[in-house]
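Some structures to go through are shown next.
Same chain, two partners: chain A is paired with chain B first, then with chain C.
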Partner chain A sequence: MQPATGAALSVGSTTAAAPRPPSGGRRRRRGRVPPIWVVRLAVIGVFLALVELAVRMEFLNPFFVPRPTAVLSRMVVILIDVNFLKMVGITLGETLVGFVIAAVSGISLGFALWRFRPLGDAFEPLVAALFSSPIVLLYPIFLVIFGRNPAAIIALAAIFAVLPTILFTKQALGAVSATLLNVGRSINLSAWASLRHIMLPAAAPTIFTGLRIALTYVLIVVVAMEYILQIGGLGRVVAESALLFRTTELYVSVGLIVVISATFIWMINRLERLAQR
Partner chain B sequence: MNHVWALRVGAVLLFVAIWEGLARSGLVLETVLPPATEVFGQLPDVMSRPSFGLDVYASLYEVFLGAALGALFGLPFGALMGSNSYLYRLFDPLVYYVGAVPKIVLFPILILFLGTGVESKVGIAAISAAFPIAVYTALAVREVNPIYIRAARSLGATKTQLYRAVYTPAIMGPVLSGARLGLGVAITAALLAETKVANVGLGFRSIEYYSRLQIAEMYALLILIFLGAALINFGISSLIRRATHYQQQRVDASASVT
Partner chain C sequence: MRRALTNLAIVATASGAMAACAPGDTDTGAEGTMEVNIAFSNPTIFTTGLPFYVAEAKGFYEEAGLQVNATFTGGGSETVQAVVSGSADIGTETSGASAVGAYASDAPIKIISASTTGLDLQWFALPDSGITDRSDLAGKRMGYSATGSSSHIGVLALSALLEDEGLPPIQAEAIGGPPDNLTAVQTGQIDAGWTQPPFFLDQVASGELVLVADGSEIGDYADVAIRVNIGNAAWLEENPDAARTFLEVQQRSWDWIFENPEEAVSIWREAAELELTEEVLLTSFDYYDREELRIAPLDGQDVVVDDAVEFGFAEEPLSDDQMSELFDLSYLPEE
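This part shows the complex of A and B:
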């Protein structure tokens, strides 16, 4: 079974030249079309301008929707605020710890499932099933065990993110071509050398994809749980501004979470592409 | 096959035995880990409470209505995105990056609009479900084999026929997978939101048990939630298998050729 959620996230911006229907699009080559990111920004800009207009003309209640210009200018101010940057730091710190735990244990477990065939046959479907189950809803258990503190968040995020890491590691190792291994055997490579020089390089790209997905999930779970539990960094900012009924602050913090997690995921994708070279 | 099941059953038994042993040994507090037997003993009790039926009803309502609303937006948007490669290139990164943001942080905004009742959970479930559904639909439409379309055209298919007899069956499989995924995230989103602000629902009840320190009841309820989610997932999966049996036959046929 393919890890379905992973596939959804790994879709990414791999806009390969797919076969296109013959009609349409021929015009595009000839005329001068602005770069796609300009159009993308323009789409966002037009949307925000429409919201701005709707709020100013009071189609939208300003109590529910603040003016986008007010939100954006406030976002810029907060983005360089030291206290806010501390919050970002807390979130990223928790994310990093959770990710390292998930990566180390996930790769080891994935290796074990690959190395010991019966274990893999028995438990890979179980891992896949857990991956599509609502693990996050188990957070009260983590509260009971760890208390209401960042350790509970990190543990929950790590347990969720370890699942794609296991699945991708096992699949990556299982997909190494038998020919390569046979070549290694014919030149009498030791088991260790074969692992080091054949298995790892061949499996690395797929493992990196698993790690990217794991890192994305750790970030999602960390921010979500920070919001739910109202502890830690970015998520707590949202929870607190919601509690104080400061609408502008609420939109600002939600907007910043969108910007920061998008930037973070963009950097992960770049990193993955660099690593896979 | 037999030793696979032996390993699985063995692992579950070992897990429960360690759980029971750890809880009975007195090494961990009763309030952290009640014995397995006590948790399983609470199952009928939790299910027979008068509030249980209402909680199940509220949660199912939020999840299914939310996922349906998410599909109502996600399907046409995904189809539009997939049908035109410029639109796809334009929106793919936007959908991808916004899709990877924890949607639960939008919950307070939804509370502003929809209040603290079930409506705001329906909303958060809909937003969460719309993304995977849109992504899967877009990909499915993009990857319809152009040979099918050319073949249908050369046989003189009208536009309507093309949509009904070529596109719909070709995208059915991936679209349903997207719907399954959407339903999965809708469950998480709705119940997670319930644990934050709600007065009814399974998520609300689990955090209620936690705050009243009824830990055994909490564990029992979480087991029930997991079983319910697995049951829904299994149901949809077998529905998908039935709805797309022609695609599996095709795979089987091509596999037997090679």
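This part shows the complex of A and C:
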């Protein structure tokens, strides 16, 4: 039911403006509540300050938890190291390629399952079952097929991530309100125009939910496989840092993976807004 | 950003949990037994699993008042990690270089004895790979068990040797134990894998595999303790008797193994669920002598430290004080 609600809101917003609160009220609320990014930074800052204090006061063993200031200063040094940047580039590349493959093929297959109903009825339960199975454990087979190289990692990540994309795309298209489609027909919209101006904006929120899940899976699988196989980028750096007891580098790498994840999610949110226009 | 916060919280919680895993006193059972948790890799291998299985089967631990619990790791630094985190009190048969690297990063560990002296590794390839000897390995993909393991050190040393000869370096890849390396070689993931006698010697004899390099070809490791036994510093301080008793049993097990090879092989085959015949397993004794598996003296300490520096496990050589703190042989049994 979510997609229909989202669609109605999305399409409705282009035709009828929702009543806005008095502008003075908005200003008053803004005056009292700090911007959300300030709250986020403040919470993170307080957390890191507490960790710094705990390490300095030896409540936390610096062998396991380095000082956040040491991690940040090390991060500055590492981020201008060409070899490290290559590792970051490998992880980014694998993630992007895996995600694009999963997104394009997932949306296409989801569309096909929605468009051809018998096909959808036949395969949707199967895709759902695969989605909840630990496909990642098939990695030895991928190594045999693709070799011990980034192609194996990308293929595994893409296959894992294509499943939620298929499911969410099919559900999103199937949940578009018939009323909206009838309105389109009544004003003689072409199939393309109907897709562009009704289907896509209405289905976008749910499709993008699938894409966000897909992106998360791609990044997790890429980093996990890099870690396990010790090939590739940041996952390998994390593994080697852990095995060589370089705790600061370990936290720098994990921190960068978190930053990459947050950046990708931010980008996909921006893309969603563009698609809904 | 919520995701970022969540991830940070997870990392911090995990770290806190690790930090809280400080080793404590050895549990003493109702009948006065001392509990020792040990970690080692590849339990099917002669030098790693055999003394443990024999000590258990022959009741040596029980007689000495020990209750020994074993955890298996991927080898090398993974064994060191288990000891550093307190998951294990003692790590057996781990590479000295990984222990030096951990110590140089302030890990609370000590090297308490030798375990294997000399580089007992061999590397194999498929007959149609075109690899016939050491020089053919230049630029090729070779497997090792885990970062910081003796097989890792062996590949790095082999690569350095090839580079000295003006040949391209080896592409070393963490694959796992000998069975994993065999699979990786057979499926073309790597060009050559590592093993220890007697694994795959029957396949070499039948022509399915070819041996392409041997540890004895690399430098002079004959009198170097390539693998050592380590202990958690805090646990050792609190439980010196348990550590000493464990090493005594280790020594007793090896003595018994070399005095009773047939029975030892039988225990090994059954406990490790090996498919190799006892005849093949017995050939292990052609490759090892008792002296190589001594716990003392611990020879080649300088080479171990030099390797740790050369291969990137430690940034700089250890001072004399650090050497004497790390190589703490006070837990060795008295002669």
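FYI, the second predicted complex is superposed on the first by the 204 of 277 C-alpha atoms of A that agree within 3 Å, B and C clash if a C-alpha of one lies under 4 Å from a C-alpha of the other, contacts with A are read in each partner's own complex, and residues count from 1 in each chain.
One rule holds in what follows: contacts are C-beta pairs under 8 Å (C-beta built on N, C-alpha and C of every residue); 3 or more make two chains touch, one makes a residue touch a chain.
Quick caveat, the model's predicted, so the values are computed rather than measured.
After overlaying the two complexes on the shared chain, residue contacts for A:I231 are found with chain C alone; chain B is out of touch.
In the superposition on chain A, contact is made by A:R40 with both chain B and chain C. By the touch criterion defined above, A:Y251 reaches both chain B and chain C.
Between chain B and chain C, it is B that contacts the larger number of residues in chain A.
In the overlay built on the shared chain, the residue A:V51 is in contact with chain C alone; chain B does not reach it.
In the superposition on chain A, A:L60 makes contact with chain C only, not with chain B. Once chain A of one complex is fitted onto chain A of the other, the partner contacts of A:L137 are limited to chain B, with no touch recorded for chain C.
When the shared chain is aligned, chain B and chain C each come close enough to touch A:I265.
Shared-chain residue A:V183: touches no atom of chain B or chain C. Contacts of A:L119 after superposition on the shared chain: chain B is touched, whereas chain C is not.
Annotation: chain A residues 40, 43-44, 63-64, 140, 143-144, 216, 239, 242, 247, 251, 254, 257-258, 261-262, 265 touch chain B in one complex and chain C in the other.
Remark: chain A residues 4-5, 8-9, 11-13, 15, 18-21, 24-25, 28, 36, 39-40, 43-44, 63-64, 118-119, 121-123, 126, 129, 132-134, 136-141, 143-145, 216, 219-221, 223-224, 227-228, 235, 238-239, 241-242, 247, 250-251, 253-254, 257-258, 261-262, 265-266 touch chain B in the complex.
Within the complex formed with chain C, the chain A residues making contact are 37, 40, 43-44, 47, 51, 60-65, 140, 143-144, 147-148, 216, 229-231, 239-240, 242-247, 251, 254, 257-259, 261-262, 265. Those residues of chain C lying in contact with chain A across their complex are 1, 3-5, 7-9, 11-12, 15-16, 18-19, 76-78, 80-81, 84, 98, 101-102, 105-108, 141, 146-148, 173-174, 183-184, 187-190, 312-313. Chain B makes touch with chain A in their complex at residues 3-5, 7-8, 11, 31-33, 84-86, 88-90, 92-94, 96-102, 104-109, 111-113, 132, 135-136, 139, 142-143, 146, 149, 177-178, 180-181, 184, 187-188, 191-192, 195-196, 203, 206-207, 209-210, 215, 218-219, 222, 225-226, 229-230, 233.
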